[in-house]
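The two complexes that follow have subunit A in common; it is paired with subunit B in the first and with subunit C in the second.
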Partner chain A sequence: MTLLDFARGPAMQIAIIIFVVGILWRLVGVWALRQKKDLSEARSRGAWIGGIKGLFAHGWPYKPFVSKVGTQYIVGYVIHLGLFIVLFFGTPHMLFFADIVGFTWWTLPGSVITFIAVITTAALFFALAKRLVNPVQRLISNFDDYATWFVTTLPFVTGLATNANLWPDYEFGLAIHLLSVWLLLIYFPFGKLMHSFWFVVSRYTTGSRFARRGGMA
Partner chain B sequence: MSDTTTEMALDLEAKRLSVVDPGTRVDVQGEMGDEERVEKAMTNFAKDFGRVAATYMEACIHCGACAHACPFYEASGNPRHTPIWKIEPFKQAYKREAGPLAFFYKTFNLKKNVTLDELKEWQELLYDTCTMCGRCTLICPMSIDIATLVGMARHGMFHAGLVPHELYTVTEKAKREGSPLGATPQVFEDRIEWMGDEHEVEMHVDEDQADVLVLMSSIEIQKYPESMAATAKILNHMGKTWTFRTDGYEATNFGMLSGNTAWQKEMSMKVISAAEKIGAKLVILPECGHAYQALRWQGANMYGKPLPFKVQHISEFLSDAVDAGALKLKTVNTTVAFHDPCQVSRRGGATSAPRKVLDALGVKLIESKSGGSMNTCCGGGGGVITIHRADTLRYKVMGAKFRQLGETGAEMMVTSCSNCRQNFDDSGEKLNWDKTMNSLLELVADNLVEEAEK
Partner chain C sequence: MKEHALTLGEELRRQGISRRSFLKFCAGVASSMAIPATMVPAMAASLAQARRQSVIWMSYQECTACIESLTRSFSPTVENLIFNFISLDFQHALQAAAGDQAVEALRNAMEENWGKYLVLVDGSIPLKDDGVYSTSHGQTHLESLREVAEGAAAIVSIGTCACYGGVGAARPNPTGAVGVEDIITDKPILNVPGCPPIPEVMTGVLTSFLAFGELPAVDELKRPSAFFSDTIHDRCYRRPFYDMGKFAKSFDDEGARKGWCLYELGCKGPITHNACATMKFNQGVSWPIQSGHGCLGCSEPDFWDKDSFYKPLSAGQWGSAEGIAIAAAAGVALGAASAVMSRRNQDKISGGK
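And then the complex of A and B:
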């Protein structure tokens, strides 16, 4: 079995199992915790509408905060959108998924994907630099923050290297790239990558709690 | 370690809630071994690890944005004042003891046990530099309600005997005497009588039956007693059947602020029982922010079932009265900047109420930058104003607030929280502010059109 066979076979299976089971474990672990009912008289009905609004309201900072954290949000969007576009609209990625789902879809030209991947990687390094330099972020950061950065950045770096044929052997490079993605999947349930799910739960929770009061969140 | 002096003399002449000898500090309470203290903190932290708290602690991505919405961080520039960092031991305890991955964290010691030294270090962060104003939630991309988590973390701190000296002292006094500032039932009654005479207004005390029960905060009873006369004047003007009750009058809830849920419940139950006894349909809360949180939003949860009466902040009551045409007001020709009490507006949902009242008074309201529900806290709430070692930073926070209000160019400053007001009075004296903070309630009472004038 070559390294690529391993990456395409058992490594992928193990990674996906850990990814799925881990995510479910973590979500259910929190949802299973008790929560007392709020008995106060609600100011307005339809708190869930506030919850839905909350999902979108925090997608961009409120006006007084734009000058303070606007750049940080933009970097965040570049990373998230970059990741999404490269993952789903890069031709090799689409073909990989097509094998599993059985249908294909439109993709972007390779040069565009490479450009987006470079921009995203640059944004990731910018975010890391800020974490290391900014006194607030440096203080509150822990192992998870750096590990998350590492497992997110690695697939971009290995993917770009594979795309540019920088490896001594293409198949070896491809295997490394795949393994780096599996590493991301394996780490996913254990750290803050879980914010992919928590952002919905947390924003909804606060949005609905404060809509019930008529307050702002 | 020694027992806290509970007989700490209060300085009632000071502009803010204060003690005579602030130099003597005992920031550790009770006789307990170090391990027992940590154990108590952990046990009481754990009681709060419900679904909502867990969601918030799981959701943090350590982006640090919250720092930029915090008046304390903005004033100090100290990264330790980053809101999410203030609950670090609470978060650490959750991840190690209760989260879905607690098994891994504990087995491999990936999250260390919280130590007594850490808890002691965090006392300043949890009490001195957080008013639980909740502005950080607005800026958080995950919308984490850090203020609620701080309130929860204080529970563990209280039971571990790690409450700042003055805050513990006033809390213990409130538990023992029914008021944190020495406003005992007798003092309350005397001051009502005094205000009734002074302002020639009919007072109602200890009526057996009344539609409205009026609460007061001891800050008002002791420092702004005109509030009592103003409330009475307005309720009489509206022809309401109302009363003060000497067995349930104290609106402040230092049990909640310091972190003792049992005491919080006891304090809330006093007023709930008094309201039930007289068959009140409405309980009016005074101009006090945290009192609104304690009774309006947490009262029923303390009671264990929905409250059998309506609860309103005085500004809401006045706003409804304006809507109903029950208040005849003179026009006040001035410009006003309004300081929103965080617990009433952003966290309470009554932001529009004072605006409606000001509109009825005919004043021109000039909103400050980041006003209304996005208001910047004055830095005195959550018990912070009681803590002397927090003074320097509190004055810095207020400096920013003064600048913000000053930029409006308004002639008159108004708020509807007596705790904010005493912070403005104290800081104003310290920083030579050229303005005075006024009470919305008193502004209304002073501009009522009396029968004879109609």
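And then the complex of A and C:
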């Protein structure tokens, strides 16, 4: 069995199994917890509207803080949108998902995907540099922050290296790229990457609770 | 002068091949094998002095496509004459002699050229049950290979079966088939994989052996680096369309006819090392991708067992969905158990209030 066969077969199956177990473990584990009762009288009946507003209100910075946190919002958007576009609109990636869902969709030219991947990788390195340079951010960073950065950045770096044929051969590069993605999947449920699932829930919950008490989202 | 005693240069002159044509041929071979242009005169001089090389061709567990490819595709060219120049002392599909006579010819050739003859092998060799699944003239091919290899100067495995076991070794490999390199370990071995291999690669290898007296440089899979260092994808004429993101969606659709990339249709070009994209088959007429079909990866080890030929390379090998279903159930169970424990803990802290 070659490294690529291992990456496409057993490694992928193990990674997906760990991913599925971990995600459901955490989702069910949290959702099945007892909810905190709010004993105060509701000041607003439309708390759910506040929840919906909450989903979007934190999508951009609070005006007085724009000059201070604007850059990190932009970097955050570049990373997230870049990841989304590369993951779903790169042809080889789309074909991976198409094999699961049974249908294909429109993709972007390879050169565009490469350009977006380079920008995203640069943004990831900028985010790391900021974390290391800013004393407050460095102080509140833990292993999870760095591990999350590492497993997110690695597929970009290996993917770009494979695309640019920087490995001894494409087969080896593809195998390393796939293995780096499986590492991401394995780590996903157990670290901060779970925010992909939690951010909608937590923003809605915060928004609706604040609204119930008459506050803003 | 006896035909056998002629040098290659004399033989070519006898057949009316001009020195200019011969030099052009040498330059072509040197170019295809990445030999520096400055070496061409030396190569031509050495090649012209070469004596007739004894070649013994053994066919084992094979389909005859390798020899069909190598013999039927030649037009009368200098390459062809090089092939004619070697002394093919044994090849049981081609030679007139059969049975005891053929075996006697083989024994004579081995005895007369002991330590100097070149062995070409096509087909895999079964190992299971002492190799009884493939025999000729009362001898298993395992015994036959060991016997012939003993007096060989070098061995060239032709076709993926002889190189790595090929189709014969595909799962479940009922005969325990392997390639030559898994059996013979004390001789120089060169692999020319492909199903079938490209004839011009064989000419290049033979020419190099005749000119320099040794096999050309090889990669980690013992393939001549000059022909196998690039992937099909690297040299494919459809590659620009891959880079542009233009892919054929089905065989013979408009995109396929416009020359768009066949990656989505399962082409294995990116992981296949061979010279098909540049040398093509049938004197450069065409090759599989040009005729509209994705590369099967036939020159790579275990190509038959690398999932569907029609599945894109980036798609995974899922096995069964049961594992994922069990994983989902286990995740839900673990989550529920965690929640129960947390609730108990909450009750304990709050005293049940």
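Here are some notes:
Keep this in mind: the second predicted complex is superposed on the first by the 215 of 217 C-alpha atoms of A that agree within 3 Å, B and C clash if a C-alpha of one lies under 4 Å from a C-alpha of the other, contacts with A are read in each partner's own complex, and residues count from 1 in each chain.
Note that contacts are C-beta pairs under 8 Å (C-beta built on N, C-alpha and C of every residue); 3 or more make two chains touch, one makes a residue touch a chain.
What you see is a predicted model, and the numbers here were worked out from it, not measured in a lab.
With the C-alpha superposition on subunit A as described, subunit C and subunit B fit side by side in the combined arrangement.
Once the two complexes are overlaid on the shared chain, A:Lys68 sits against subunit B while remaining clear of subunit C. When the two complexes are overlaid on their common chain A, residue A:Gln13 makes contact with subunit C while staying clear of subunit B.
In the overlay built on the shared chain, the residue A:Asp145 is in contact with subunit B alone; subunit C does not reach it. Of the two partner chains, both subunit B and subunit C are touched by A:Arg34. Contact with subunit B, but none with subunit C, is seen for A:Arg203 once the two complexes are overlaid on the shared chain.
Once the two complexes are laid over each other on the shared chain, residue contacts for A:Asp169 go to subunit C alone; subunit B is not touched.
Contacts of A:Val133 after superposition on the shared chain: neither subunit B nor subunit C is touched. Rounded to the nearest 10, the angle at the Cα centre of subunit A between subunit B and subunit C in the chain-A superposition is 170°.
Contact with subunit C, but none with subunit B, is seen for A:Leu95 once the two complexes are overlaid on the shared chain. Taking subunit A as the reference, the larger set of touched residues comes from B, when subunit B and subunit C are compared. Contacts of A:Ile23 after superposition: subunit C is touched, whereas subunit B is not reached.
For the pair subunit B and subunit C, the least inter-chain C-alpha distance in the overlaid model is 5 Å.
Subunit A residues in contact with subunit B (one complex) as well as with subunit C (other complex) are 25-26, 28-31, 33-34. The residues of subunit B lying in touch with subunit A in their complex are 49-52, 54-56, 58-65, 67-69, 73, 79-80, 82, 84-85, 88, 98-101, 104, 110, 134, 137-145, 296-301, 303-307, 310-311, 345-351, 369-370, 373-374. Residues 25-26, 28-31, 33-36, 38-41, 43, 54, 57-58, 61-62, 64-65, 68-69, 72-73, 76, 134-145, 190, 192, 194-195, 198-199, 201-203, 205-207, 209-210, 213-217 of subunit A touch subunit B in their complex. Chain contact summary for the complex, subunit A toward subunit C: residues 2, 4-5, 8-9, 12-13, 16-18, 20-34, 91-93, 95-96, 98-100, 104, 107-113, 165, 169-171, 174.
Residues of subunit C that touch subunit A in their complex: 231, 233-234, 242-247, 249, 263-264, 270-271, 273, 301-302, 306-307, 311-319, 323-324, 326-328, 330-332, 334-336, 338-340, 342-343, 346.
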